[in-house]
Structure formats: C-alpha cells, structure tokens
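The next part holds the structures, each set out as structure tokens.
Both complexes shown next keep chain A, but they swap its partner, so chain B is in the first and chain C is in the second.
Now for the complex of A and B:
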C-alpha cells in the first residue's frame, strides 16, 4: 500500500464523495449560522437549513450517480478508501430520509420541553454525515472514522435534555458502553491489520481469500472477527450486546429516539453486510455460525421482552431489537437474495418505526406526551385517526399480509430457506408469532379498553401528517412492493459484483 | 381505442365506488348517486366503443398490462385487460345492465336512508365484474370472482337490520365459497401443470399437456379433465347450478335492483363466462363436458319445476334464472359456447327487465311480494304491464322476442348433436321450456289480471313508478326485443375470432355443423314453440277462466305438490347433512379438542411459559451499567471460546 503522503492529491478523486463533502461543509455552515443568530431564531433557522442540506445532499448524490462519478474516477475517492456503489446509494437514501423525518418530528416536542437548541440539528447533520461515510467505507480507517463520528453525535443527542435525569443517564450509559464497543472494534481492526498488513477492504478480502499461512494467524483472525462482529452487533443492538438499547431509547428525548431507532440501525446493518460480504467473506463459515446464534437470541429476547413492557418507548426498543433479529436471518443466508431481503426489510422497518413514533408524538395533553401503553387506551374514540394509523402500522409490524411488513419477513425467511437455513427460518416464524402478540395488544388496548388520556389534537403538528404519510406509505408499499424489491435487488447485486469476491468463488 | 381507455373502463366504477363510499356527508346522497351513475355510464359508453372496435369492426383482441404486483422467479402476478370478442359482448351486458340498474335505483331506493352506501356497493360490484371479464389471467379472474361474491354478500345483506337478509347473505357467501374451493384448486393445478396463469400462456400449450396425467391423492387423473372438473365446480357455485342453487332464491332478500343486476344478468352468469373463456381447456376434457351438459339439463328442469308453485313473485323469477342458467350450461356441454353466450346476453336483458318490472310492481303494492295478494292492477301500471309482458314473452321464447332466437338455437343444437345425449338434452330443455311458459304466464295472470286480492288500502296506493324507473326498463325492453335479431350472427363460431375454441369434430366447430343445426326436422324445430303456446293456454285457462283448478289440482297430487313446493327438499337435506353435522362436529372439537387439549397444552400453556420466561429475562435488565458491560464482555468471551477451542 502506498503511504498517503506519497500520493499526489488528485482533486477529482474526491468527486464520488461529493455529497459527503457538501454535507460536511454544510454542517460547519450550520454551526456558524447558529452562533450568529439568537434564541429561537437560531434553532428555527438552523433546523430549516439542516433539512435543506440533507435534501440537497440527496440531490447531489443522485446527480453524482447519474453522472457516474464512480466510473469516471475509477481510483475512487481518497485512494480506494471510499466507494459509491448502488449499495451505498440505497443505504444513503434510507439514512437521509430517516434524518429528514427525524428533524421534522423534532421542533414540536423540543419546544414544549424548552430544549429546542440549534446544536441539535448540527449534531443530527454530523451524525448523518458519519453514517454516510460508514456505508461508503472501503477501508478500516474510513469505517472507524464514520462510525465514531456517528456515535459521538448520538451520545450527546441522547443526553440532550440535560436537566432531565433519565436523559443524562441514557447519554452516560450509551457513552460508556459505546466506548467499550469502540475499543473492541479497534482491537479487532488492529489484529486484522497485523495479520494481513492491509487496511483496505479489497486488500483484506484478497489476502484472506488466498488462505492464511499458518494456524497462529487463523486464531488471531478469528479473535479479530469476533471483536469486529461484537462491535457491529452492539451498534445494531443484537443480543447479548443490546443491553443499552431499552434504557437509552426510554431516556433520550423522543425525537432522538426516533433518529436512533432508524438511521443508525440502517447504517450499522448495512456496514455490517459490507464488511462481512467483502473483506471477511473468506471467513463465511465462522461468521455465519456466530450470526445464527446472535440472530436466534436477538429474535427471541426482542420478541419475548417486548411483551412485558409498559412503557411504549421501551416496547419499541425491544421491538426494534426483534426486528434486527429478523434482519440478521437474511444476513446469515449469505446470498444475494438474503441481502436483498434485508435491504427491503430495512426500508419497511424505517417507514413503520417513523410512523409509530409520529403517532406517539402527535398524542399529547398540554406539554405531556404519551408514555405508557395504558395511555393509549380508548384511543379509537378519542383520536380515531391516530388509532387507525397506529393499527395499520402495528398490523404491518406484526406481519399481517398483505401489509408490507409481511413482505419484509417473507423475503428474509424465504432467502434463508433457499440457502438451506430452514430451521433458522422456522424459528424466525415462531418468534414473529410471539412478536405479533405485543403488536395486537396495542391494537386491543386502543380499540377495546377504556382510557383516561384525552389527547389534544387541535394544534396541527408535523407529527400528525407524518403519521398519515407513514400509514399511507405502508399501504402504498404493500401494493408497489415490486418497485422496492427491484431497487433493493440492484443494490444487493452491487455488493456482490466486486472483483475479489468473484475471484474467491 | 387506447389501452388507457380500457383501463379507465374498468377502473372508473371503482373510483366512483370509493368516492361515494368514503365521501360521506361531504358529497351527500345526491353526490354519491351522481358520481356512481356518471362512472358507470362512462364505462358503458367506453364499452360500446370497445364493442364497435372489436366485435363490429372485427378488430383484433387487445391485451395490456396495468401493473405487475409480484414477480419472483416463476410466479408472475399482474393485472391488466384482455379484450376479445367474448369480453366485448360481456362488457355491453355488464355495463349496460349496471347503468340501467344504477339509474333505476335512484327511484327505487329513494326512501332509503343509506343510499350512498348502496350506490357505492353497486359500483364496487360493477368494478369487480369488469375485472373478472377483462381478466387476462386466472389470478385477476379469481380476484374479480371473489370480489363479485363479496359485493353480492354486501348487497343481499344491505338491509342488515332484517334477520332474514343477514342469513341469506351469509348463505350466499358460504355456499359460493364452498364451490370457490374448486376454482382455487383449478388455479393451483393450472399453475402446477402449466407454470403460468395467463390465458395466452396456457392455451397454446394445451396440446402438449393433454396427454399427461396428474397424481392427486395417490390417484392419477388425466390432468386437463381434472382442471376442467375443478373449474366446473367453481362455475356451478357462482351460477347456482343444481346442488349449489340453494343460495339464489334466498338472495332475493336483497333490494330488487340488486336481484336484477347481480342475481339475473351478471354475477350468476360468471360461471357460463368461465366455461366459455376456458373453452379450449374444456374441449380437451370430453368427460367433463358431458358432465356440464347433464348438470345444466338437470338444473333447467329442476328449477323450472319449482318455479311452477312459488308464491313470491321474485322467487319465481329467481328459479327461472336458475333454470335459464341451466340452458346455458348444457349448451356449453355440447360445445355450443357461442349459443350459451348468445343466450346469456339476451337473457341478461329480458331477465333484468323482468326483475325491474317486478320491482316496480312491488313498489306499487307497498312492498308486497306474494302474488296471491296482487291481481287486477294492470290499469294502474300502464307502462310496467306491457314491459313485463314483453320480458315474459322473451323468456318464454315467443318470436320475435330475443329469447326465441337464443333458446331455440340451443334446443336445435341439442337435437342436432344427436345420440342419446342430444335427445335427452332436447327433451329436458323442451320440458323446461314448457314449464317456463306456464310459470311466466302464471306470474302475469296472478299479478296483473283477475280481481284485486290486495287490501283496499294497498290498492288505493297503487301507482305507476316514476320515469327514473320506467326509463331504464324501456331501455332493457329494447334489448329484450332486438338482441335476438341483432345477435344471432354470434351463433357462428367463426364470428368469435378465436375467443371461443371448439375442437374439430364437435358440432359447431364447422360451418357444416351450423347448417345442420338450422336444418333439423321441422317437427323438432317447432315442437318447443307449439308446446310453449299450449302451456300458456293452459295457464290462461286455470288462472283466469277456472281459478279454482290450481288449488284442487294441488290437493289431488299432494305428495308431488309438496315435493316441488318444498324445493325437492334440498335445503332440508343440506341442513341435515352439512349444517347440523358441521355444527355438532364443531361443538365437539371446540369443547373437547380445542379447549381441553390444544388450548391447555398449546396457546394457554405456551402463553404461560412465555410470560413467565419474559418476566425472568426482564430481571436481567437491571439498569446498572456494570451489569451491562459485564454481559457484553461475557458475550465476547463466549464467542471467542467457542471458535478457538
């Protein structure tokens, strides 16, 4: 590998990373705008500008894709450390969408709790930038930088409600445990570098594919593999590395929870797939076994513990853990169909999660938002629209056909069966039956129980129309699942099209 | 015509239905009616255009895809339209009758509080029926097939506060669902054998598949016969053929316009349409074809015999519908699909006319449906009276009305087919025609002639229906008079341009065969007409001249009379065989099987274990950060240990 300082800097080589470059500059700009304006104006203008920058980033990304920068500058950005393929494009689409909706859901909640500070939007923007780097990373260093940028922003965001005990506790817990995971990851990376002498995904992939010289190497590689998988499992909150999730979801301000439950989940899941399918593909046999166990545990714990929750945000935390478990089934399949299934699942999961939180954020009385499941009782009478949207989304979450949630599960399970992992798929179906219980319980509470909570619906907020949009999205996706399927299919095949993976098989 | 127009033709009623159904107070009853009528009339105009394009000007058939729902590997599910001559004819029938019924309902339902719902259902039905007849593949056809069943269920039970209406709607749904299992099996078997569900994919490969056998429950069957049999079961349910007919008379609980649209002109003919659409397949399944003919002949006879003694004006017409569907079936059974569709079309016009006229009578008689409480009202209904006579004459097959052309052609074709089978069909058909004439005249005489038997108060209110009801009847009357003349070219198989396939060697497969049908012996040709006239005269004699005869006759042949009066005891038999046993079995399985065995060890037991397990696991979530970190490290250690050792 050529040392960086030896390379003449080629400006055009940055071209594929243009969206990221723009977003980084935009984030700096946001900071300046925030500093030079005052009070509520600051948060409002920075919030608006953050939205605009995310949208513009998407536009640039799309333009870059149409102009095919990756092809035009085959050396890639910054010496192979960055790749902008279909897979990354799909991933960034999801991340940016999640970012946009999280920002839209923010101001109402933050204003009502008097914590609407402009730094929030800057942090979201930077976290988004980190995630975009993560999913485009083609090198251990890029991967780590992206992941840490995202994580640091999230630590601060979780503790954003400083004078709220739970929020600061959540931030602290997340930070300590997150650092532990980062440490493990770094350790794994250094072992990997030590054994292969390379940090680029392509290089590691080729070296591992050619076989290792001796047994000591293989032990070190296995340890490296475990450590890296653990760190990534921590980010997607796979069991048993999930312990932080319920506490942080519950403690963080709800808009932050929305963000954490969507974009970072997607980014970490996608990064995990890239790392496993590109540099670490040669270790397929080992990571498949590990992930099978993780997937079983995750599905099980996520579904079982969601049943006994009383706080909705904790319930959704376990629900998201369970969903990650279902997605891991697709990862374990080890085939293009499996990856495609996970990609479809992610898009569906994001839509449903945003929809559920939007419903929760649209239900409040004075400045108090719904907290417990009992608060939802009788919602069908007090807020029929919200109850209907919630019902539609929870049915989809439970996987009731023909709603779109069914297709997500169907794709990953059928990919697993096609790959010969029949038992894993069967367990997945069983766990999804358990998961259906807590989904249906929400509907039951809303429609059949008497409740005391009377939400005020007279002041329209973003949350209301986003809830409607998400519910409509669930319906539209159910009908046009084919379109999503094809897009995901292209993204998945780009993950498998790289030369060194072909060379190995 | 562009493909977009075809899509619009099908989708407009759906859009209208949605708007009318969800619009609520914002658009009001008047808005709902205007939108649905506008939608279906536009559909009618487009259908006429399509008919001219394809049927009159002999355009080639059109197949277009609207969108793909699922496409994975071998399974390809898409929605679209296939418009050939068969569809074009059906389009005219469906949208024509539907438009007239929509307009008629404005008057008929004028006092109903939930008119918007009614019109929304009507349009929904129209859409489903259009989806069925324009289907380019079996999946869309199945969707439409179930959709019309749903709409029929909703409309029969439209007056859901009436217990009998609820029961009737459930009966209709359940009985047809039982038959639908046949259709589902047909679809699945087709997919298993052909690997595709689109008609354009299935039909060309019929010859290669024809020789194959298919193993089903350990027995091997000739595969096409098997599919055809399944299709027949599905068709029998929808078209109320003998054995599955029980729901149709009960369906008369719905509002009368519904009976005219769904239970006379369109939905019940879906079975006949199915047979014609799948004619290439049926032509490869001789044995099933024979079965089709037998089923049809029995139904024609059986339903007509029950029609002789019913008291309820709508039930008579319902049994008559059942009987006429029998004609269409046995026409299909002797490969005279063209004749069946021809009869379907003429029947749609005159039977819808009869129902609407009956509705007009019921409307005039303050919702009285018992014919023995009517009589002597022809003076008060100056339009309904002649219109209903025209409908009846068309039904009886008196020239020059429409029914004469189509029904006689079917009988002639049966005769020309020859052999025992042909002769039997001919005799059954002629006997049914004889009875048809009798009960048609009976309806007319009892309803309009003689002395009034209704109470003074009712007679005082008797009035002709408003123009919004009479107008549609007149339109249908034009059809009932002219459809036979205009349409008799359809009987030639070549007219269909390949939409209907008849195998070599079958009667109507060639021009010579058609000639043969036209030149059967004069005696056979005129016997049905003479017998029809004779039985009309008998009806006149016993119901006008000597009105004491019917009661005396009924007493004289009591066992036979009660046998027929009780509809051959089919309902009682089903009650005993299926309803009671199913209920007893259900109770037993519920109490013993489910509650005590499965529930205790299954769901309840599992739920117990699950909740206890969840509670235990929850305790791990202590909230202490060092516990969390500990578990994380334990996880790492466990994985490393597992893979290194």
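Now for the complex of A and C:
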C-alpha cells in the first residue's frame, strides 16, 4: 500500500469557503425551485430567494470571519487555493451588494419587456459566486475557473433578451472577445507556470521574488506578464482593450448593464490588484510601466469619448471606462495607500453607478425606457425628485467636493503623488475636469432643455427608492468617509501580507 | 531487430498519419468523420503505449464518444452543400502553404536550437509517479482531494453552459399536443366506451 491510496478527505478543509459552498448550493436550489413552479410565480419566487441567498451568504461570510476559519483550517483541500483575508472580505461585500441591488432593479424592466425568466436570477447568483471565487483565489487555477464562471454567466445575461437584435449582438460580441481574452490569460498562466513550476500565488511570489535568480529578466516571464495584464485589462475594460464595453452595455438589457458595470468590474479590478501585488510583485518595475500607459489612455479615451455619446448607456459605458482609468492611477501608485484609495473609489463608484441606472430605470418616455440623453429633457419639471437625485449623482461623478465622488479621486490621486507619480496625478486631475463636462451636460439637459415628450416617472418600483438611497448615499457617505477609509485600509494592508524581499525605491 | 513496442508504435503512427490524411482528402464528409474517429483511436493507442492510459481513454470517450458523434449528427441533420464549402480551395492554398511553411520553419529552428532536447529538458523534472499506482487512480486521488475546489467550480461552469443553452434556445410552443402518460394509464373503460343497444331497423 502506498500512501497515495490512503488519502482521507478532510471535509473541514472546505470550511474557509463556506459562503461560496452555500451560494453554490443555493444557486442549484433556485434552479430546482424555478423548474417546479410555473410562469410568473417562478421568476418572482426565484428572484426573492436569490436575494435572500445573497444576504445569507454575506451573513455566513461574516460568521466565518468572526470564527476565523482561515486560521482554524489553514491548509486543506480548499485552503491552499483559497484565501479569505480582509481584502477578500471587503471585495465580497462590494460584490454581494452590487448583486443585491441589480436583482432589485430587475423585475420591472424584465416584466415590461416580457423577458422575466427565472434563469436570470440563477445566472446572477452563479456569476456572483464566480466573482467571489475570483477575489478569493490564491492559485492560478482557482482564479481562472472563477473568472470563467463569472464570464459565462455574463455572456448569457448579455444575450438574455434574445428577441432583441442588439442584445443578441452584444452577447455574441462579448462571448467572442471574452473568449479571446480568456485564451490570452491561459497562455500567460501557462508560461508563468512553465517558468516557475508552481500555480499557487504564494509559490509564484516567492519564486519570482528571490527563489529563482534573475528570472524576472527572462523574456518568457515578461511575455506571461503582458498576456495576463492584457486579459485583466480586457475584464476591467481598460483602453485599448475596451472596444466591447460600449456595444455590450448598450445592447444588453438595462438591469444586466447595471450588473456588468458594477460587480464584475469591481471583481476584475480587485483580482488585478491581488495578482499584481501578490504573485507578480517582483515584476513591479515592468507592470508599473504598462499600467501607467493603460491608465493614461483609459482616463483620456474614457473621458473624451463620453462627451460625444448620445445614447445614455454608451455614455455610462465610457464613464465607467474613465473611472477605471482613475482607479488604475491608484494601482500604479504601488503602495498600500494606493490600494486603499482604489478600494474606497470602488465602493463610491458602485454607489454612483447603481444610483444613475436606478434613476434611468424609474423613468419612461412615451411608455418606453429612456435611451438617449435628449430623452431626459424637461425632467426637472415632470419629476423634480428624480432630476435632483440624478443631479446629485452626476455632480458626485464629476467630483464636486462636498459629494462623495470627490473623495474617491482625492485618495487615488494623493496616493499617486505620495508615491512620486506627480505627473500621472496631474493628468488624472485634467482628465477629470474633462469628465466633468459630460456630467454637467446631463444636468443641463434635465434642467434647461425642453423636449417634445417629457420623461415621466414609472409607477412606484424598486428603482425609485434605490435612486433615493443612492442619492442619499452620495451625500451621507462623505460624512462617514473615515469609516469606509478605515475598512478599506484594513483590507489593503491584508493584501501586503507576503513578506517579499524585493526592495522598492 | 525491433522490439514489440516499437512495432506497435509504428503501426499506430502509420495508421494515424494515413487516416489523418484521409480526413483531409476524402471527398465524402461522412468518410471524413469516420476517418477522424479512426485517427482518434490510433492516437489513443499511442497514449496507452506511452503509459498515459487515462488520456488515451479520455480521447476515446470524449472525442469519439461525444465530439465525433456530434459531428455525425450535424452532418446527418443539416443540409450542407459541400461543393460550396470546398469552393475557393485553390485560392486559399498559397496562404495556407505559407502559414504551414512558417510553422515548419519555426519547428526546425527550435529543434536546431536544442529546445526539444538536451540541457533544457533535463533541467525540468517530472513529478515522480508513485510505484504501483496506475495513473487513472493517481489522477483521481489528486482531482478529488487536492484539486477538489477548481474541479467543482468547473462542474458549475458546465451547469451554467447548460442553463445558457436552454435559456437562449428553448421556446415553449403553444398548441403542441403532448403525450400524457399518466392520463393514458388512468383512462378507464367507462371514460372512453359507451355501449349502445341498437334495435333492428332503427338508427341511433
């Protein structure tokens, strides 16, 4: 008998991933509930249960954190591929919140276009699970499967309105380009594995840091780095890998766009930070150059092209690209403060994005949802509340000081200045001035323009109170910014847990 | 004198190359698929010869059992005009040949630089296989313990693909008469049969 035959499976080893295990079981349960109930009831009950499971997942996550499963079961079947640190905890909080709000924003739109099928909620749940796995990954394999689980759900969701030409086109385009990015990611990973012989983040970090002499100067490692950064830049839609974003955001059903603009973007950004700061930290000199260029391009193209958009979903797509550019400034800073800034920025960005879409989803014009910016003309007179909420959020997006959007940019740029990237921060400020233009244009159209048909409020729906909540959040969060900052600070410091011997500066 | 294993290797290799050429050159697409299946079987034989019996069996089960059979279904159910598909073969030939030549040149150069042999290969050491454990068992042991997590997530990805296929293609049609087995079984004589006494000379 070799010891190979006698390897008992330790079920407690799964404990650190308990929230994920629960969510996976819940998703399968939802599927069964949906299959055994009919029509309208199916989508309503599955939607409600999906909400409950996301909330319960958060509760379990909190309990697991308090009980400190990660310490209790450090290396098990799951433990070595999976890390449940403060960073992952913060990340999953953002992802679950984005999932909850996307689900709440869904039913009205889906019912009006008669595409309210229960599978939607199952897919949202599974995508959320994929993202949670992504941000908790401590191994190339776990990271890849998590990313694919998320992406597959998103491809299907983008094409969910299958009788709509634009939606089908969005789904197909996203699928083809996403597969390409995933292929690049795999090439990069296999090169990295080939050079280091390890797939775990800890192992790669140590081997690149000081395990293998001079490995960081090998061409294969640089190629691997480039391929992986390209794939991750695609996922966060950084320029020049952003081409899919406006088309997919415009074509996908609006609730799906809300989801895609929030949770996956945050997950990809967080994953990018973990990959860059943990396994690839030794290659900092190389990725910093690449990300500096990416960040400049992303801020520039995102802000400039948003100005010429007429469709509001395309505008928000370019706006989200621009925001990614600002976040990348924080990543380039390469310090704990930079990461902290990005984490705060992400929370603020999610609030603003959900708020903007909630306002859009609570309006209609001639009985269809508003599509273009000119559709908003005259909103201030028909629905002053909605216009005011929209104004607050767009001002925050532009970075007007008392509102919370200002703090996101402030933290990111000041971290960049502290890290000696002054000129990057200055160009960031310049681009955010350009970005302010399109934000103010929305306000101008709402308050001063007059259209043939004015937009009106829908019947009371979730979208309205979420819009109010987001607008209030934009106001109130700046008062409690210290709390957010503190939480983000703890998350950021847990990212720097590896004692790398690479000397910086 | 050739050892038996060498003989088997050359047999499989020759069949593999021959049937692979057949896949490309056969006129009838059905023959192409059948030759493709033969190619897979020979490749599986080569793998088993190498001691990688798991990959060999996987090749037969996945590629022959699923993919090639799917090709056959596609060929039989969809009306494709293969003459149209083969149009322009001559015009694409030069570019195809160029790509092939470039790849061949790369392989030759890499071979000359010693990428496939010698010092570089010997620095990489394979994980030692434990004695007396066949590789199906070894893979099973790590797949369901060490790699349980990504394995299960991969299963979820397949589930998502299934949900996606159903969501994006399934339509519930109105007015379709479905067989209801329970209703058929529950039918009684009284439900379907009534006996009418007809008197002679009168109708009903």
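Simple rule for what comes next: the second predicted complex is superposed on the first by the 473 of 505 C-alpha atoms of A that agree within 3 Å, B and C clash if a C-alpha of one lies under 4 Å from a C-alpha of the other, contacts with A are read in each partner's own complex, and residues count from 1 in each chain.
By definition in this document, a residue touches a chain if its C-beta (ideal position, glycine included) is under 8 Å from a C-beta of that chain, and two chains touch if they have at least 3 such contacts.
Since this is a predicted model, take the numbers as computed values, not measurements.
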item	value
First, second, both or neither for A:160, with chain B first and chain C second	second
Which of chain B and chain C A:81 touches, first, second, both or neither	second
First (chain B), second (chain C), both or neither touched by A:356	neither
Which superposed partner A:148 touches (first chain B, second chain C, both, neither)	second
Partner chain in contact with A:301 - chain B first, chain C second, else both or neither	first
Touched partner set for A:123, first chain B, second chain C, both or neither	second
Contacts of A:133 with chain B and chain C, given as first, second, both or neither	second
Touched partner set for A:435, first chain B, second chain C, both or neither	neither
Touching partner for A:31 - first (chain B), second (chain C), both, neither	second
Shared chain A contacts, counted only where both chain B and chain C touch the same residue	none
Touching residues (chain side chain A, partner chain B) in the complex	172-173, 176-177, 180-181, 184, 219, 222-223, 225-227, 229-230, 234, 240-241, 243-244, 246-247, 286, 289-290, 301, 304-305, 307-308, 434, 479, 481-482
Touching residues (chain side chain C, partner chain A) in the complex	124, 130-133, 137-138, 141, 144-150, 152-154, 156-157, 159-161, 163-164, 166-168
List of chain B residues in touch with chain A within their complex	68-71, 610-611, 613-615, 617-618, 621, 623, 625, 627-629, 631-632, 634-636, 639-640, 643-644
Contact set on chain A toward chain C in their complex	2-5, 7, 9, 14, 17, 24, 27-28, 31, 77-78, 81-82, 117, 119, 122-123, 126, 129-130, 133, 139, 141-142, 144-146, 148-149, 152-153, 155-156, 159-160, 162, 171, 197
